[in-house]
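In the two complexes that follow, chain A is the common piece, with chain B as its partner first and chain C second.
On to the complex of A and B.
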């Protein structure tokens, strides 16, 4: 067969096949599911999953994991509204500050993992707690004077309205997908990321700055989580407590359904795009069918299991 | 002399006990200075009853982590078993105790499903249990759509009696169970699989069956935790299990069980679970705004692990120098 179809590319194709299957099944079972309005809603919601999954994928590629995503996202969302106070003139500073919070949290995660040798699960779990405590404490449980502020109007116009009929979240997602693909496949940095993920010791011995790469990836994960938080308040207007909680496990699921190996070293962001679409399409379809919450949770879990059995299995031991 | 110092420097596995002693001391100091008296037997009893569910989940989690895996589905198993306990364990006489057995079997069966998916399905533990977490949580919501249910006082008196420390007996049973387990062939095999699965397989350890066993035991521990949870709170909630996912992992970590598998002990995880429960009381009596609670818990987790890393480094340097 074609030599260009490596196992990695095959997994990306599987991910798109699954996404297409879920979308067409939805279209057959629920008339109107394939309409542009409905499809656009799926795409926009999938974009938010896609942002956090981008960060999660980067750390998974080097065999790590980021459990601090929920409160990095939530913290950035709160920082954005409380510093902008709903005024357009303060938007640039607020955006910089929110992204800065994400970058700082991610940087601290990376330093803890790469330099202090704290296991990724522990470091990022601890960071999630720290940020949750800071977000709740400093905003007095989101009851502070400035906590009632909305996201500035330009940001809301952008994300609720869109640009030339295309939702802004979707445009940003296309940008993120391009950036991720170029970064991982066409740059030396991308080469290094895969080298560290496949075998960090071998990478170190061949001169890759393993620690620097790791810190950079965790920092990027923090930035992506903050970006998702900013877009979510742009879309919804105000932050809420627990805004980021659903994204913890969903980001991991999207990464794996997208064909990325949880052990690191293998996977492409284009697969993760399909993974995010699949997960959101399943949830949206079940909601459209008025399946009660317990049914949605069970079917969601079963779908992930089936996909894992299809192309997410480890190699046999013998 | 150098030998003595070497022995006093804690190993990673001893970390849990040191953290526990430090937290308990902090609790005594903060309690006495804020209330002007020592904690009473009522305080100890309420701590005991509050910590039991986490202690059980942490034991189960530590067994899985010892084989190099992780069990995210404990949250779902606890939720499901809490829901079933709160709806079925009613009435008087022997019937409620019969239902308790059913709940324990259910928990073990849920865990066994995880074990089959991980061992026979060859799916990474974190992903397999992530999927079953969703399924078990869905089942819990189906059994108990709104929080409620109850538990008869006969059961309550046996499990977590608010007046007599019956919980101590169960804590003893759990610890005793581990001490026996780790001396059995199965116990040795847990460490063998966790240290090096390929070598373990090469010398004939049935790694698949060992994994099935630890996930089933983790499910059983989750069911035990649920029973004590309902007994203490006297009601059920289909979302009761969710917090246990992260707290059980934190207990295992503070208890010095290595995430790479093969190193640590369930006793360490018990110490970690007790310490994590005590920290909440320490923060409360220190007058810290409850909103900041998770900030200190997060710092506690990272600092505890850092201390362990530093201690291991110091011990290694000293051994190299000697």
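On to the complex of A and C.
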């Protein structure tokens, strides 16, 4: 084995190769597919997947999972519009509140998993249900007086327009990618995350605060989900019920297609970036091919399975 | 329960071997558990397997009954080759039944369900007749004279001794041609040992081959027709009679003189660690002092509280009572993080590297640096240059991996190098007190020698070292003093270097037979 190309790096490269292959195929079959407008759309849509997948990846790295993403995202989106009431002056407080909701939900998830020993699947699924109920109840099924509010104009300008022709979602995504990479590879925290993910008992015996690390990661996952919610209302103007539903499957798929081990301890965010791009490229390509909805879903699922199968074979050689 | 095999299958001639293993090799990761091991047992004999912990007895048993496969070599049961792993049903067809040391009962099932798990009473259509479970199990329990065990009880609720008995009854009830019992008496009180001995003799007289292991020499002398002694993964002798003294010599195996560094010349300083009436887990009020520059051995039979002592001192398990003082000041260590702190400076090198020490897919650098990350960081960032130089210098000092790149995954290293990686992590913490728990387990001879020298050097530098090893010989030769633990208490203290491992083994054995 070449020492420079570890299996982890190889998977990241695979993920980019697949993304590139899908995009080239689209470009050949559809002349408009490779245009900047079209690519730009792919990138923006992939950015939203990328945000939630960042949080999902962090908990998957320690062998966990976050199933509360859909309603943390949705809840944060609703909190943003109902508290800002579309007024620019209220934007900072509304942003803080929306992110705070995400952080709080994630923190509760982390405490449940790390201190109470609740299995991650159960804890986060329960949290998803609680937040769904809260969102529906407090907004009376999104019919409350303030529920018709739009996101404040500056936020909408930013995400609909962009900065110097570059979509804001894309800029934020680049920021998130940098942050994730720095966090995981250059900080002591990142080192501890991988140690906990690979062998939590040995990490504990090496003086790592395993519980603290776990709580921090779930909290971050909540923040990333809230961030995605904020940007989705910035993009679309108003929240809807079920806004976050597609993102549970997509976040998990992007993480595993990006080469992160679902068992924890291995993977890079750059792989997850490629995973997000691949998923969106496949969807866009199938739409361009005018494949009907049911066919798209089937092919989408199959593509993920094929990619994972390839990883599984790769792993057998390690 | 139907018999699994009929007696008529047993060849009439005793010249045919019941069990034959030849040239068996078996490794786990980098650890060679069996090397060129051979073993033979006849029908109609009780054959004891003796040896220290880690000598390869349990591995041999697993290979013999087809639970794991041998890397090389042949295994035959009544002349029939056992290749690869054998499924339970096929194992019973071979006529082999095994009671494992780590019991194979399912804790959440009832005694009846466990007893009849492999062969439940069936009705038409092959469905299990649950109504017949309890009566059938009761019949079996009565047949083996243990009807004091309630077949409807949940297995987890039984005492360890009763669980052991259920495991044994399950094996006996299969009426096998070859019975293998791994440490069957470890958890049994005397009266049940007699009960088991009776059944072993009955099976032998019926022409069955009975193989068992025990750490109690008295049992081996009373029960066994022949004894095979194992050491370091291979058999060193098979005899009809072996005296205890001779067996101890065979089991511990004298290493050539000069293998161990001379520690008697090393000066011992003031008390660094004082442990007072420490209890918790298996520990019952243990008190001792550990001095600067001292290597204090902790010996005794396996599982007498040694592990709990080490883990409690390191904060990895809670103490139920007692106090620990370091440098004259009483300290409370709640978790390993506290123990590692510069002020206390305790390091624990675990026995089971893979489970407790290593991060196999991560690099040498990540593994070595982990316990001291925050000491080489600025604002939460790793100071990479400082890290590189620290890792490089300690790697060179310990000669890790023959100068392999520090970004190499630890999983690719040999067992000896992996152990050095764990040692390196703890040496970087600059601890004053080192808790070395069986650090030479599964390590090749050359690395063992390196580690002995390293331990002596560390003591010479003034470290206080608590040393446990499953190889009693190491404790005998490498320690200034030896504490013998028995049932969580210190039962003897021997001045060192003891030199003669037999003394420690004798001290532990004598105490155990009194129990």
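For this structure, a couple of remarks:
The rule is simple: the second predicted complex is superposed on the first by the 309 of 318 C-alpha atoms of A that agree within 3 Å, B and C clash if a C-alpha of one lies under 4 Å from a C-alpha of the other, contacts with A are read in each partner's own complex, and residues count from 1 in each chain.
The rule is short, and it goes like this: a residue touches a chain if its C-beta (ideal position, glycine included) is under 8 Å from a C-beta of that chain, and two chains touch if they have at least 3 such contacts.
Since this is a predicted model, take the numbers as computed values, not measurements.
Of the two partner chains placed around the shared chain by superposition, chain B is the only one that A:305 touches, whereas chain C remains out of contact.
Residue contacts after overlaying the shared chain place A:191 against chain C, while chain B stays out of touching range.
Contacts of A:202 after superposition: chain C is touched, whereas chain B is not reached. After overlaying the two complexes on the shared chain, residue contacts for A:9 are found with neither chain B nor chain C.
Judged by the touch definition given at the top, the superposed model places A:133 against chain B, while chain C stays out of reach.
In the superposition on chain A, A:171 contacts neither chain B nor chain C.
Touching of chain A by both chain B and chain C, each in its own complex, is seen for no residue at all. Residues 65, 67, 112, 116-119, 121-123, 125-134, 136-137, 140-141, 249, 252-253, 256, 262-263, 293-302, 304-305, 308-309, 312-318 of chain A are the ones that touch chain B when the two sit in their complex. Taken in their complex, chain B has these residues touching chain A: 70, 72, 117, 121-124, 126-128, 130-135, 137-142, 145, 197-198, 201, 207, 246, 249-250, 253, 259, 289, 291-299, 301-302, 305-306, 309.
Within the complex formed with chain C, the residues of chain A that make contact are 3, 6, 186-189, 191-192, 194-195, 198-199, 201-209, 265-266. Per the touch definition, chain C reaches chain A in the complex via residues 314, 316, 335-337, 339-340, 348, 350, 355-362, 366, 369-371, 373-374, 377, 380-382, 384, 405, 407-409, 425.
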